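So that you can tell them apart, the chains are marked A, B and C in the order they are listed, and the count of residues begins at 1 in each.
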Amino acid sequence: MFSIRRHPVFFVVLFAPALLLVGGLMLFPIVNGIRLSFTNASPLRAETRFVGVENFIYLFEDPRFWEVLGNTVYICGLSTIFCTILGLVVALLLDSGIRFVGFFRAAVFQVWVVPWIVIAILWGWLFNDEWGIVNQFLRSTGIIEGQMAWMFEPKLAPWVVIFAYSWRAVPFVMVIALAALQGIPKEVNEAAEIDGAGYLNRLRHITLPLLQNILLVAALLEAVRFLQEVTIPLVLTQGGPIGATNVLSLFTYKAAFTEWDFGLASAAGTVWLLFVIVFAGVYNRFLLRKSA
Amino acid sequence: MSVSAPILRRRANQAALYLSVCTLVLIMLIPIGWMLSTSFKPLRDVFQTPPQWIPDEITFKNYVAQFNEVLGTLMLNSMIVAVGAAVLATFVGAMTAYGISRFRFKGGALLMLFFMGSLAFPVPLLMISLYSLFVKLGLLNTYAALILGHTAVTIPVSIWLLKNFFDQLPREVEEAAYVDGASPLKVFLFVVLPMARPALAASAIFVFVVSWNELLFGLTFTSTTDMRPLPAGITLVFLQEFEGAWSEMMALAVMVSIPVLILFFFFQKTFLRGVTAGAVKG
Amino acid sequence: MKYLYSSVLALTMATTIPQMSAAEDVVYSGWLGTYSYLEPVAGKMEEKFEANNPGVDFIRQDVPFEKALDQATVAHLGGNASDLIHLIPGWVPALQAIGGLAPLDDLFTDEELAQIPDAALEALRFEDGKLYALPWVPGPVMMFYNRNLLEQAGFDPDKPPTTWDELKEMIMGVCALPAGDDGKIYGLALRSWSNPNAVQWSIPWIYGFGGDVVDGDGNIKFNTPETRAAYSWLQDISTSGCAPDGFSVGETRNLMASGKAGFILEGPWGRGLFNNLSENTIKTGADGDIWVAPLPNAPDGSHRTIGNSHVIAISSASKNKELAAEFVKLILFDQDITDTYFELSDQVSTPSAALLAQGPMGADEFTQKFVEELQVYNESPIKHPKFYAILDQVVPEYQRILKGADIESSLETADKQIERLLSR
């Protein structure tokens, strides 16, 4: 271990670039963004003035903003739950003593690098009304007749987004869960097996409690990533139909860079930031601690 | 009866296990498979019912149609930006990670918490100030704006990956170098970094993938085709002209995925080791 | 050391590739080059312009239509605006409001401006009395209809509908035709995706019912009797499944080009577009597969249509405004260029009345149909910098209406949202 007193120059050399980058490109923008949320800043306006909490009042008076918040929680929440459960299931199957684990893991993991823009294009094709393979499958099994307009039904469109998000994130959760599973000492499970505990019992009383924290962290990371994600709503659904896939990231981006209303966009971004902080705090307090 | 009942049951279980793993993995891969299948079909075969997984007639026309100057420029732009960001974020991340790992000082843990917390900073909110900043610095519509932006949003993960690696790295080699009288900076550059190659690669791959993927910065901080990275370029240039030509669209999608898929094909093990080592530990 | 050296080198290379910008460049940004069939036109313009102005380099910056305004705004605010900006009238106010456009009155002579119809110029004149863009490719909107489908449905393809009831009857009739091998046949290729231009494409119907989206005092208002009537008419068609669900502009065009829709609204670019999309299997002509007709008259007998024109503007940041103006003169008034543009794209390629009456355009029946409509066309009615944001407020309500929601309350919500937006 180095001490700062003995190696002051080395300390500065190591930390200066990152602090400069993160300070200039993350800390300053976030603080400045919060400041802007109390102004009417806009590149279309010559003068910026302080407007207090006007932007926040405007946002919360808008029924559509509440819809946006609802959509965000719905889409990101369900996606997080699905990808965590599915990722865990795949990991458990792969850890059940079968062979070719590396091959299967590699096959699934390829999904994690498919670019979002590709997913946006691909999903448009999979869920196409007339020729999409999803509708063809549903028609052949007799679940639907004719066409089902996935992108024009406010009840269906969010699910198109949720499928995309969950699909893309399963590999990440799987890899983390699999690594954690492989880290559980074999003796623990073997001892339980000798005591006559069945698979499900072992899963419930031994494996899952051991995995709980790492899974919860992975879920939190995915939830935060889903909040940031914007390609699918922006390119595939454009926030529609009837605003059903308009999420906070798209709303904030559009307010800033198509309406050029920096003040309002900053306010929406600040609400988002507060939401994340409060959520992470609560999550940490009630979920993570309990198991520790 | 040469096989007893429990063994039979075990075999049946095993078969069921393999079956369910294969089914799940196949379901996961359906979208990619369908993308590949469509991309090799002539357009008229695309609209067949029932859908055909193996095309009757395999054509490479859809791919050939993608070889044009615009896509080449977009690919090159993305490549420059992604490599630039990967190098910058990884190198700076390694310095910071080493500092946090090796220096005894109050606030190290807090600093780490801040870095990780910054992952949750709303990107559009950051972009508002970055936009004005880049305008002032004259960086709008340059590779630098994109490289800096992508570095900023990926450096926390880079630091985290590398810190976990440095924490686990045995100190003996470093200490031997100090005994020989080398300065800390030299030890870091010539002893520690070479040992950290797997972790550096994991970090660089991560940054590369994120940068290859990133849409908003590309859409907002560039305004000409010769600077635009792929996702923004595709949104702006290709999606408009392509409507209806699904086989060509899928060929484009495959081509856009190929660089990252190849990267992953070769470096998957290294990457996974880097990620999971950190993840499982903390 | 090798590692450090190479990373520093890569970084330096990545960040210092200079942006080329010589003084004698004229940069155009627009969507001309994003359509393959228009690219030769752009090539010819470049060639002739560079020949007329030796030493000048013409650079084409391709921006797709959908993003042209955003990108022009980004470019201007970022200090790298193109000299020439290709726009539609509805976007001009947004760029003018941020000081992005140069006034054009002094760059053109009175004779030159006199060739352009007054109504078209007025739409581009602002409160300060100055012109900030010039009409380039006028786009009065008409109905394109599939003659074969009309005939199959038992209507006379030579007698297009002249009243709204007739039009609805024909749409429903075509819609009732059995689906072909390649899918369902729609009566009307209506745009209803989640994008402001879906609402923009609903304005011709509002005009058709004698309404407007701007009232006498210049306030934007959707909840009017005429708009309600127009939307109710569209609602009947949509809820009976005779219009596709949530289709974008491109998707509706594909529908029309593949013979799967009875009617669609387009400007003069329609013929070239459908030729191109159908790989020349669909013929547009009075006795072909597709032909054009004006929208029916309003109940009070009045008739007007919207102009979805292309305009060309010069950036306020242009270092070479005279040179840029030379290019504008070339594309608007050079018969060689306008005829080539017409021949390659089938568009009404100039606002100049004189040029429209002669040459290949004067002899073309299709073009003359649109020239007639030029008498009654208005450019985009909303002259506001937040034009698209305003339409964006209407999008969800418009989609709701097309799905059968109550029209009056939906439009009331839309107006309230617009009012909120404009209060900022």
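By our rule, a contact is a pair of C-beta atoms (placed from the backbone, for glycine too) under 8 Å apart; a residue touches a chain by one contact, two chains touch by 3 or more.
All of these numbers come straight from a predicted model, not from anything done at the bench.
Listed here as common contacts of chain B and chain C: A. Of all the chains, the one whose CA centre sits at the greatest distance from that of chain A is C. Across the assembly, the chain pair joined by the most C-beta contact pairs is A-B.
We define each chain's centre as the mean of its Cα atoms; on that basis chain B and chain C are separated by 39 Å.
Here the spacing of chain A and chain B, counted between their Cα centres, is 16 Å. In this assembly, the C-alpha centroid of chain A lies 38 Å from the C-alpha centroid of chain C. Across the assembly, chain A contributes 43, 130, 257 as residues in contact with two or more other chains. Multi-chain contact residues of chain C (touching two or more other chains) are listed as 74, 77, 183. Multi-chain contact residues, meaning those touching two or more other chains, occur in chain B at positions 47, 220, 235, 239.
By the touch criterion given at the top, residues 1-4, 7, 10-11, 13-15, 17-18, 21-22, 24-30, 32-33, 36, 43, 89-90, 93-94, 96, 98, 104-111, 113-119, 121-123, 125-126, 128, 130-131, 133, 136, 140, 167, 170-171, 175-176, 178-180, 183, 214, 217-218, 221, 224, 227-228, 230-231, 234-235, 248-249, 252-253, 256-257, 262, 265-266, 269-270, 272-273, 276-277, 280 of chain A touch chain B in their complex. If you check the complex, the residues on chain B that touch chain A are 14, 17-18, 20-21, 24-25, 28-32, 34-35, 38, 46-47, 49-51, 92-93, 95-96, 98-99, 102-105, 115, 118-133, 148-149, 151-153, 155-156, 159, 183-185, 188, 209, 212-213, 215-216, 219-220, 230-231, 234-235, 239, 246, 249-250, 252-253, 256-257, 260-261, 263-264, 268, 272, 275-276, 279-280. Listed in rising order, the residues of chain A touching chain C in the complex are 40, 43-44, 58, 62, 64, 129-130, 146-147, 149, 151-153, 237-243, 254, 257-261, 264. Interface residues of chain C facing chain A in the complex, by the touch rule stated above, are 70, 73-74, 77, 97-98, 183-184, 192-195, 244-246, 385-386, 388-389, 392, 395-396, 399-400, 403, 417, 420, 424.
Of all the residues in chain B, the ones that touch chain C in their complex are 47, 70, 80-81, 83-84, 87-88, 91, 134-135, 138, 140-144, 147, 189-190, 193-194, 220, 223-225, 235-237, 239-241, 243-244.
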